[in-house]
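Encoded as structure tokens, the structure appears first; notes follow it.
As written, the chain order gives the labels A, B, C and D, with residue 1 at the start of each chain.
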Amino acid sequence: MEKKKVAEWLAQGSVVVPKLLLNHYKRLGLSEGELVLLLHMQSFFEEGVVFPTPAELAEKMTVPAAECMEMVRRLLQKGMVGIEEHTDERGVRGEKYTLEPLWEQLVHHLYAQAAKDGQIGQQEEEE
Amino acid sequence: MEKKKVAEWLAQGSVVVPKLLLNHYKRLGLSEGELVLLLHMQSFFEEGVVFPTPAELAEKMTVPAAECMEMVRRLLQKGMVGIEEHTDERGVRGEKYTLEPLWEQLVHHLYAQAAKDGQIGQQEEEE
Amino acid sequence: MEKKKVAEWLAQGSVVVPKLLLNHYKRLGLSEGELVLLLHMQSFFEEGVVFPTPAELAEKMTVPAAECMEMVRRLLQKGMVGIEEHTDERGVRGEKYTLEPLWEQLVHHLYAQAAKDGQIGQQEEEE
Amino acid sequence: MEKKKVAEWLAQGSVVVPKLLLNHYKRLGLSEGELVLLLHMQSFFEEGVVFPTPAELAEKMTVPAAECMEMVRRLLQKGMVGIEEHTDERGVRGEKYTLEPLWEQLVHHLYAQAAKDGQIGQQEEEE
């Protein structure tokens, strides 16, 4: 019976943080708390929860729901998180978060840095 | 435009292979082909495809659909993969694969090995 | 030339955060900042830096070196991080951090929770 | 004592397979066996073993050392793996494997595909 429990723990899976993000979130203007909130979002997405509420986020974090809401608002404002329309399998329309803007900002930052270091042409950077 | 493409690539995510599995699949009686098939299953699950067909698996693998079907059959027989009932959000009943048996066999193997090495008591191993 | 840069980005690898840790760090008494510091440590270890300095940590984080030092001190005190002797390949003796205590506290917490929920016996929990 | 063992298992870490690689290795001309060999290499690198021998690889795989050697030879020939000079911390010179060529081939393939689909300009593809 205990082995079953241990198997369950091993089966829970992981969230992957690309080192590119870990090494550059600071330059993108993100705090550690915001980075972790983004990891929780990713974890929720993988479990099929596409629009986690501030209360759901707060349950996992050390900050109260009101502050989670404020953090999400700031991430939307900074253009790190987006909201898209979403129709679930029953045809019910709703919203979902997307982290695509985060990846775009990260790539933008990497190109700008590589152009500054002379590793790619200015023109490529500006495309 | 190109940056958008690069951001998409970075955003595609990853499948995580615990080193415990990578170091022990051989002892569990799995081949490299079967290990990769299990990774494809996990990847499908994360995209919401809970019961990938042999054709869907074969599209990503170097083996034809008939052999993928045979591989899945063998994994079911060896007790590495299970099939569970599944009701989707529209209430349609179907089946889904589960990798829980794989994790249970892995834990079973780890306990047996630790007991043999005298690291845990025989009794704990037999629980 | 640009493709080479993109390949480098893809090659940088990732840090893996087990969902067990992501879902329970709060109950272990860790803040979001401390969780991210632990991820940076793990990232340094993989690059062969076994005893990152507060300055090295601070370079990646939004907190100054003095506060990083304070965070590490607190993590050592809470028994989440340990320090071990380390002899490098040239025979020079030094110290290295280990995250083993973190995993032990996590497992301890999981057992305690499972015992409370009646999923494993009290005796197993106390072992 | 048993908890200590479980903590060790959880602490063993993971190897990360980007979905880009999982979805495209077939098009790069890699077999499932070769993909798994590359994962073992990555796992060895993270443990500080920069030039694993065929015997070390074979110990983890279902194929004998002679075939592992043959697989590595083929990967070198196909330009998926490279060999670089390496000086360890004691100043001893030796060789190490690098997976950079794999990532470059993957990026090359992704650009070619995107150009074919009209998502990026031909010129960008040819850079």
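Just a few scattered comments:
Just so we're on the same page, a residue touches a chain if its C-beta (ideal position, glycine included) is under 8 Å from a C-beta of that chain, and two chains touch if they have at least 3 such contacts.
In this text, all values refer to a predicted model and were calculated from it rather than measured experimentally.
Pairs A-C and C-D differ in how many C-beta pairs touch across them, and the larger number is found at A-C.
The distance from the centre of chain A to the centre of chain C, with each centre set as the mean of the Cα atoms, comes to 20 Å.
One inter-chain figure worth recording: chain B and chain C are separated by 27 Å, centre to centre, where each centre is the mean of the chain's CA atoms. If each chain is reduced to the centroid of its CA atoms, chain C and chain D end up 25 Å from each other. Counting partners per residue, chain B has 1-2, 6, 9-10, 13-14, 16, 18, 20, 124, 127 as the residues that reach two or more other chains.
Chain contacts in this assembly form a complete graph, since each chain touches every other chain. Considering their complex, residues 6, 9-10, 14, 16, 124, 127 of chain B touch chain C.
Interface residues of chain B facing chain D in the complex, by the touch rule stated above, are 1-2, 5, 9, 12-20, 22-23, 26, 31-33, 35-37, 39-40, 43, 60-63, 110, 114, 119-121, 124. The part of chain D that touches chain C in the complex is made up of residues 1-4, 6-8, 10-11, 13-14, 16, 18, 20, 46, 48, 88-90, 99-100, 103-104, 106-108, 111, 127.
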